[in-house]
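In the two complexes that follow, subunit A is the common piece, with subunit B as its partner first and subunit C second.
Showing the complex of A and B:
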């Protein structure tokens, strides 16, 4: 028995439970340790059902997807093969999709952060009715991905969309700008739609961070004659660093998984201009029935997201 | 307090696992029988047949004008078959493959599904469908002769039959007679060649509403990544004498002069002639129908669904007076066996069905002569049955309402010129590959020639498993 367990047991003897333990000295030591462990790990026990459910709903399909990438699990003939990964390395369209995905994620996350920070700073003001503005600011996030994609597709329509309508009224020479059909405009247009829809998530995290910064620091800074910019640089930014890290990590993971909005707007076109990896995986699996190849693509995407999330997980573990 | 917390934790754990436990024998004991009163003497009642419920999924239920026809028909079947109840399930056209594949894989698929030609081969070869060969063998001799033989073959795999054909139509040119007249063209003389087509399209691309910019275009088409895309591009390819694949399906055939000419012509409609509305690469079939219904485009490639759908979008569109139908234009000077592509669909029983015999009875009814005639009456969709759509070679006349309908009679007449798409499970991937390269050419990302070459090379890679070791495809 190690020192820690011995210490725990001696402590247990002095507790209300412990009196029961001493009263049952004939119980085996293992059951006493278990008894104590359960009491000590109450929090873990509360989380256990949820953990089991997550393992079942998320973990099991993930394991099956990994297995499927090496061997066709739905087939009667099962042979282990690396062919899918070899094919992936040589597949030009896969690497193009990965490139588009990285560009999409980089721009959307940056813009979510920038816009989220600006709006969070504005919503941190202590004015009457601020709650109404906070509700309005969150509204884009409440709209489902798919609906946002549809709405923006209609807005971007070259002949009937509202954006071109206003540009035409402003006298823009070419009234039929092909926002989603032009290879150079399609990805920025999709990014803009996603930024509109996704910034509230980051904004909420940053707003929470701003609200946690003590107001006395700002008062003290003002007394010392600090300008607004200096307050921002020396108080707000350091106070928000942790929250920015959390927001960035979560947002990057979310953006790598983005699907519904892009699918409804462009289906990955024109050509491969907006063909992000989740779309490519969906097509391989559900349209072409290349189940094993799609699983290999999904495993690669998951590996990328795991690598990205390592700093976030380390930060959370360090905190606890 | 700690004791309370401990008991609470243990209790909640037990409650969450309680639902997973198998019921104990005591829990399943029937309640004690009560003594029934003495019944008066009567003739022993016949045993009521067990009523089974069949789940039937069909994308047609998502469109009002089709939904009504189906919902009106099902009670007729249920009356004739009181032991079967039918539950209709809506599904979107774009997502049916994904949903069916997931559900069937999970053992929760519907009893019957309706699929379009684009993905039939995938399902037939995937093991998702129920083998109906034993049922067919019990039918009278010549049972399958009721349908066009080449369509029945589409549902066969390794000697077994996995479905029956349903809809069958040819893609044709639909045009707005009013816009023809306004542009000074004779609405009774639609274009017969692609040169005429281009000429007409240019004349009808103009500032019609006095807006100071082009607001009407000569032609509209599907350009987004969509199963319906290949129904619009294939007729152009075929009517130039080209094809997607070689006859043995081992290589792409997009390297022929005819294919290059067809591809360049198609791309030129957007890049050079500009007779197509802007944003074509993001337009699906719904958008094109809306443009046609609102008189933004004068011509489109469509089929039987065009006539009933257009008035639902714009009730002021007078289809009797203004909707014209014509065979697909052809390359001038060419005589070709096939000048357009066929649209077809089929009904299949899934392997999940618990009631195969009842599902077979419903499948037979859904593909019967009376059902297909009813389907045409309500939805203007032609049938894969010879005794409905006609077979002049066998002296079988078409259903008279088809021949009386101006739009449908063109579709019916074109069936003999309609080509079925290549029957490979890789077909969706091949179609999407060409579609993406067409998009690249439309947008100017690649020249028409470079785009076609890339399509050719990618298709050859997709077809590599069909070639023996050492077998190669010719250079582009």
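Showing the complex of A and C:
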């Protein structure tokens, strides 16, 4: 195999495509024609199984969900109606869920980015034993969010949890705070748990971006007497913009879809203080069996995600 | 004034302050990141009584592996573990094979609608799982795949395939096109050129993609919750979630189960972190 590869490689070098001057001109031309003719359909044939499967397991259910959202709830007769959406507009719990979702996504993404950037900068420093710090920094992101939710739920436990234990040790009087049962504290507590879980991923991407910035730029800046802040402002920030865009886009998408963490921490409670839309929709589907109404909620969620993320998809496609 | 002499100490001092700052940040990171892990581990080594002690203890007074044996012997946990393994492995293989083919098509051929299809594959991530669960549940029930491994595998593929296709396209892009040209000239079919020439070169990337898809499936809860019924088909994430919503939560057992379910993930993610970043940000940084 290897020998064959080498032979092919050396031949490819001898008759490079697109240069008729060197090598065997006839062969080069012939293969060029060959390539043109197979180019059109072969590529599509390669992509076809993937596209078909996605159409079947993703496209079809998505279309069914949209269609469902326009049919009357609990009805055998499939007629077109906007009832689900008009009901949605008047549904106070839906608006509360939407608000909780936006707060959850906005805060977690911002904090992931801020913390991720700070830690990435620290990990980019020239420090002994950096590999160990690096492993520790990524660790929270490696475990399933379901498990993060479980662990943090126990940490927040009013009597047996470690957080109130530390508050007690620090001398706080009567620290038996009901972190996850308090209407005001529940959402921030869930957000903190998710920051712990999610920031390492953003950090990982930003660290890769930092390491892609040529060292010479910093050396040159240092020779010119630039301060650390100036270096950050004029070298690090411009060099990192693209990675920040990618990290933000992926993180926003994932955070809108977050389910397991909150499901295991609060199931949306107390009341609906932490009731992010995926949880509310799941409940409408499989607790109340309001399939049509749940579909309408899900369509709104998907629409929000699509509107926010279109620039990201366009950027990624354009770049390739 | 001799600038040459003052310049040295100034830069050295500057370097030191940033280094000290980096150390401070990283030690803080260690504390924040590790505390939940330590608590998870220490709870899993406690007895039931100690886990509920008021005030709680940080380290177990008498470490015991009882919770681990209980979770393995008394609960259906080994079965969950096996289910997760089968489903995640199936998902990883399916989405990597299809993703590699699609990635090759997108990377090497300029067919009509290529950009549109690539955009569509990427945009499928924008369809949240909760949009699909209802209709997908009905479809699976209609074709008799509800509560089967295959049904789960197909569902997880909706999450993993877009990533796999894009990651593998990124890896294939790094292989010089001349290599498959040469194979074609030698009489290989396009598929032969792909499997014999390109695949061996991107083998590490393939492994990374397989592992990533495996872990995405392993960690998901929503689909496992919706597409299975009964305890025998539950995956690890679902099994643990059921334990926590029970009337009485047995924390040492739950944390022991969490430790067992986390260790494979930690090991695999740490092993492939570099590939992962490359794959997910493919195209974002010019090589």
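FYI, the second predicted complex is superposed on the first by the 261 of 320 C-alpha atoms of A that agree within 3 Å, B and C clash if a C-alpha of one lies under 4 Å from a C-alpha of the other, contacts with A are read in each partner's own complex, and residues count from 1 in each chain.
In this text, contacts are C-beta pairs under 8 Å (C-beta built on N, C-alpha and C of every residue); 3 or more make two chains touch, one makes a residue touch a chain.
Worth saying up front: this structure is predicted, and the values here are computed from it rather than measured.
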Which partner, subunit B or subunit C, touches more subunit A residues:
C
Mind working out whether A:286 is in touch with subunit B, subunit C, both or neither, as first, second, both or neither?
both
Name the contact category of A:299: first (subunit B only), second (subunit C only), both, or neither.
second
Partner chain(s) touched by A:133 [first = subunit B, second = subunit C, both, neither]
second
Partner chain in contact with A:165 - subunit B first, subunit C second, else both or neither
second
Per the contact definition in the header, classify A:49: touching subunit B only (first), subunit C only (second), both, or neither.
both
Based on the superposed arrangement, let me know which partner A:268 touches: subunit B (first), subunit C (second), both, or neither?
first
One more residue to check, A:68. First (subunit B), second (subunit C), both or neither?
second
Thinking of the overlay built on chain A, is A:153 touched by subunit B (first), by subunit C (second), by both, or by neither?
both
May I ask you to decide whether A:143 touches subunit B, subunit C, both, or neither, giving the answer as first, second, both or neither?
second
Quick check on my understanding: which residues of subunit A belong to both its subunit B contact set and its subunit C contact set?
16-17, 38-39, 42, 45-46, 49, 153, 159, 267, 282, 286
So, in the complex, the side of subunit B touching subunit A is made of residues 2-3, 5-6, 9-10, 12-13, 16, 97-98, 101-102, 105, 119, 122, 126, 213, 215, 223-226, 277-282, 291, 296, 425-426, 428-429, 432, 436-437, 439-440, 442-446
Touching residues of subunit C toward subunit A in the complex: what are they?
11, 14, 18-19, 21-23, 25-26, 29-30, 32-37, 39-40, 43, 51-56, 58, 98-99, 101-102, 104-106, 108-115, 117-139, 154-155, 157-158, 161-162, 165-166, 169, 173, 177-179, 181-186, 190, 194, 196-197, 200, 218-222, 225-226, 237, 240-241, 244-245, 251, 254-255, 258, 261-262, 265-266, 268-270, 273, 276-278, 280-285
In the complex, go through subunit A and note every residue touching subunit C.
1, 5, 8-9, 11-13, 16-17, 27, 31, 34-35, 38-47, 49-51, 53-54, 57-58, 60-62, 64-65, 68, 118-119, 121-123, 125-127, 133, 135-148, 150-155, 159-162, 165, 168, 196, 200, 204-205, 207-209, 212, 222, 227-228, 242-243, 245-246, 250, 253, 256-257, 259-260, 263-264, 267, 277-278, 281-282, 285-286, 291, 294-295, 298-299, 301-302, 305-306, 309, 313-314, 316-317, 319-320
Which residues, counting only subunit A, touch subunit B once they are in their complex?
15-17, 38-39, 42, 45-46, 48-49, 74, 153, 156-159, 175-176, 178-183, 265-273, 282-283, 286-290
